[in-house]
Amino acid sequence: MDLSVEVAGLSLRTPVMTASGTFASGREFADFVDVRALGAIVTKGVSFVPWPGNDSPRMAETASGMLNSIGLQNPGVEAFCDVDLRWLARHAPETPVIVNVCGHSVEEYVRVVGRLESEPHVSAYELNISCPNVDEGGMAFGTSCSGAHEVVTACRAATARPLIAKLSPNVADITEIARSVEAAGADAVSLINTLLGMSIDAGTRRPRLARVVGGLSGPAIKPVALRMVWQVANAVSVTVIGMGGIMSGEDAVEFLLAGADAVAVGTANFVDPTSVERVTHGISGYCRDHGIARARDLVGGLIT
Amino acid sequence: MSDRAKATLEHVTVVRNERLSEGVGRIVLDAPRCARAVRPGHFVHLRIDRDASELLRRPFSIHLAQGNTVEILYQVLGAGTRRLAEKKPGDTSMDIVGPLGTGWSMSDATAHALLVSGGLGAAPLGMLAVELARRGVAVVCAMGAPTVDRLVARDLFEKHARRVECATDDGSSGHHGFVTDISERLLDETAFDVVYTCGPEAMQRIVAEQARARAVACQVSLERLMACGVGACLSCVVTTRSGRKRACVDGPVFNAEEVVWDGSETPPRH
Amino acid sequence: MDLSVEVAGLSLRTPVMTASGTFASGREFADFVDVRALGAIVTKGVSFVPWPGNDSPRMAETASGMLNSIGLQNPGVEAFCDVDLRWLARHAPETPVIVNVCGHSVEEYVRVVGRLESEPHVSAYELNISCPNVDEGGMAFGTSCSGAHEVVTACRAATARPLIAKLSPNVADITEIARSVEAAGADAVSLINTLLGMSIDAGTRRPRLARVVGGLSGPAIKPVALRMVWQVANAVSVTVIGMGGIMSGEDAVEFLLAGADAVAVGTANFVDPTSVERVTHGISGYCRDHGIARARDLVGGLIT
Amino acid sequence: MSDRAKATLEHVTVVRNERLSEGVGRIVLDAPRCARAVRPGHFVHLRIDRDASELLRRPFSIHLAQGNTVEILYQVLGAGTRRLAEKKPGDTSMDIVGPLGTGWSMSDATAHALLVSGGLGAAPLGMLAVELARRGVAVVCAMGAPTVDRLVARDLFEKHARRVECATDDGSSGHHGFVTDISERLLDETAFDVVYTCGPEAMQRIVAEQARARAVACQVSLERLMACGVGACLSCVVTTRSGRKRACVDGPVFNAEEVVWDGSETPPRH
């Protein structure tokens, strides 16, 4: 079974990557999965300086999903290089590392990319222009074509490595945004980030999240994610990385059929820490059962 | 705090599941790997139902571990614990991730330990009492609960502690009032080397303050909403003097001195 | 217990209405609930001429939700008056009837309203500018401020009855649209209509809906709906009718707390045909347990 | 087609649940109101699990009604039917909405009726066979199934029909081939007044064509994806000569002549 795929010029062993912010940098899951066997590791969001994240509570369970308002808590790019990249270089030397980059301003994105350029163990950047949990930057860039274009253009000038733009689903027409980041030089788009949502505790009459609103993920959003992946895959010619509620190999196959070249597994890691491996085996099993020699032959194979 | 253990994903079989009092139960699970690896203060992340619209696991302290089994004391609060209460012996539908977290720290220098529990806060103190007693530490327990039926770990504590004192909100057993009244008196009576406490956060905070005022070391076990349970998602942060820490890996047990009691982080009230 | 509320100038016995398209005109549920006890009945979408709707399959179950692509199948306004309105006048003479109006063009909305003006048993119009299941009209109007403004302005000129604009969640900023329909003279906004989604059968490699995409409803979308109701209630001063995944009285209370003046129950009717009554009793029970004398005192009561 | 009944929401208790063959089961439910009101060809909308992420009810034909109980034959396909197969006697977690739909039409002028079933299509024909026999109609049954074990309603049909003929795909019982081979021969041999059929849509279509060619009345029972089951949502439409009709209220039984077999409307294959 040939599971290999090509993503924004990188060759991945399997089409299954981790979704940013749900797998840390792999170390926390080393008891459960072989991080060397992953298609790629997408790290949590990394900013130039340390970010404290939002107040607690930061999480609320919802029907077939969850809200989070972590707010990109991270120790900043220096600590990331010292701790996370070092661990990855040692324990998963062959696995492509895609760093999820965030910033409060265009300049901060560029500074993070600039700092990482000298790190040999970084394969690509995923520009997080879609985080709903920060007041400045994040989703503000990803919900307008001009904002998205600006961030990608600036980062494009700063690196020759593959650039992935992570798109927000909180827009009327996601294909517009996808086309604008493609025009700005992105090598790939990844989607979807979380849907902006809210949860209320009727008993206390308070929001369940300290920040009031947060990002919705998990199976609840899969129909929206599949629809957007299908629309975007039909609108751009760059690589498409699909995610949103993938829990099983069959879910992943659905994203490939809709046009994703690779997929990422997020919330499922919390439910079952072996999810990335389970999803990968599920794709193999599906291919075997359906007489498909190469997983990449599934890409865009939806019959309409 | 004590070392972390190697965690695994383990399918479990229900050995026993019984109601202890109104809304409180004890479930015994066959979980050999976890039972072997667990140390006092660790917890497991339990998947109660695969098909439910509630997706996430639920964290529960290991109250006791014996042979191949682990024991959990649970309070029925929401959908997850309601279904947990319905599980029958022989049920194989659940799995756990664990043992997780950083548990209670035990020093060889400890001769006298005070354990202060509020309600189901007794759960993570069970293994601790057993282990301290085994090490020859003189253990004194102060237990609080709404009513006598809810003093669920009393037999265990009475077996392993030199002394057990109880407080109930309704006066149905022991002191009619707060367990913190008892802990205060005990701390004045005896020179403890360490206080271990678990229960409602407001109670833990008072106990921590009582210990601090007397320069006695104190460890607390905190509850936070947890998505991953393994340190990846940053749902469960506790504000400490050295920044935000993850309750699931850096805790749930913390040195009380480290904790900044900002009150904003308690799980939902029911 | 006083459950009465005021919605766009109408006095409703309870804050619980039916969501358009999920309750027909009440007759189909007469075995299960007392239609005279409802806050209001919101009818299915009515167009000027009969619409055939979309091809089948038109429904797909998803995690804690469902997709539909009915496509506003309806027999047209004449048949609606003959059959549905007549039945309602006879069996629920005191219950306000809100007709959900749809059209392929601004003119068609106006023609439907025009035809209904002479019908005494119509209390208000809900302009469906948010249906994701038709190619022309529907969501095309509801995802741009100018389109939404145009439909509401034209219908405003055609009637003095209360006008409710039903908003689409498939937008970047729903408060913009809400403000533009308020400016155009809408007396209320109702939200949310369904999120555009898609489902794929990995086994057959086909979309589960003949139309490929459809509208997502049910508990899965409740967090998104609550967030939007909260945002809109803070942005406009007209009446807000909240819906999206309401299954229980507690869910309804959450919408009231977020700022909805009334709520509508949709997909829940399929799961439990007594849902509207159950939700109503649930609100009473909540008020009783929390010492609240009037349900309307809950509106906007979220503590943040 | 026959009259609709007054439907209610009724909590049911599982009386019996047994495996009949690989992936096929029979469940008997205590449901007095439904049992009283149901007529041949009606179905119920069954809520299998309240907490599951699958929200919707599942439609099932009533195979038999006796006293306070109704009987359903089910095939395990997806999550819903998988959980249905696990229900134990005494279970009270399910409820039904029903009886629903327009059932089989029976004319007093009928003397000879042919019932043609494919697989679980036998389910809605059960009550019909009983009722026709009670009315003195001469009933002949043609049954098809993949293999002998799947001829699940055979005993019932043998009890009430003058004659039962079987076909299996693997030849393990009766004719080695399609049930439509049998129905064609039977239609040539006997002058039936009416043909009733249920099974895969392709099969029903052939049976309808066989009847049409011989000017015999034919009724079919169609499956559609159903959300509400009560006529409100328009999920379940069937294309007919007089426009789109709702399978849940205008059907599931239709006069075959009315149906436009556009093939686009079949539920998911498994």
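Per-chain numbering from 1; labels A, B, C and D assigned in written order.
The rule is simple: a residue touches a chain if its C-beta (ideal position, glycine included) is under 8 Å from a C-beta of that chain, and two chains touch if they have at least 3 such contacts.
All of these numbers come straight from a predicted model, not from anything done at the bench.
For the pair chain B and chain D, chains touching both partners: A, C. Centre to centre, using the average C-alpha position, chain A and chain B are separated by 35 Å. Mean C-alpha position of chain B lies 47 Å from that of chain C.
With touch defined as above, residues shared between interfaces to two or more other chains in chain A number as follows: 63-65, 204, 218-219. Of all residues in chain B, those touching 2 or more other chains are 53-54, listed in ascending order. Taken chain by chain, the contacts link every pair, so each chain touches all the others. Touching chain B in their complex are the following residues of chain A: 21-24, 28-29, 31-32, 44, 52-53, 55-61, 63-66, 68, 70, 73, 201, 203-204, 208, 210, 218-219, 267, 269-274. By the touch criterion stated above, chain C contacts chain A in their complex at residues 62-65, 67, 143-144, 170-173, 195-200, 202, 204-207, 212-213, 216, 218-224, 226-227, 230, 245, 250, 253-254, 257-258, 286, 301-304. Those residues of chain B that touch chain C in the shared complex are 53. By the touch criterion stated above, chain D contacts chain C in their complex at residues 6-9, 47, 53-57, 97, 224-237, 243-244, 249, 264-265, 267-270.
Chain contact summary for the complex, chain D toward chain B: residues 49, 51-54, 79, 83.
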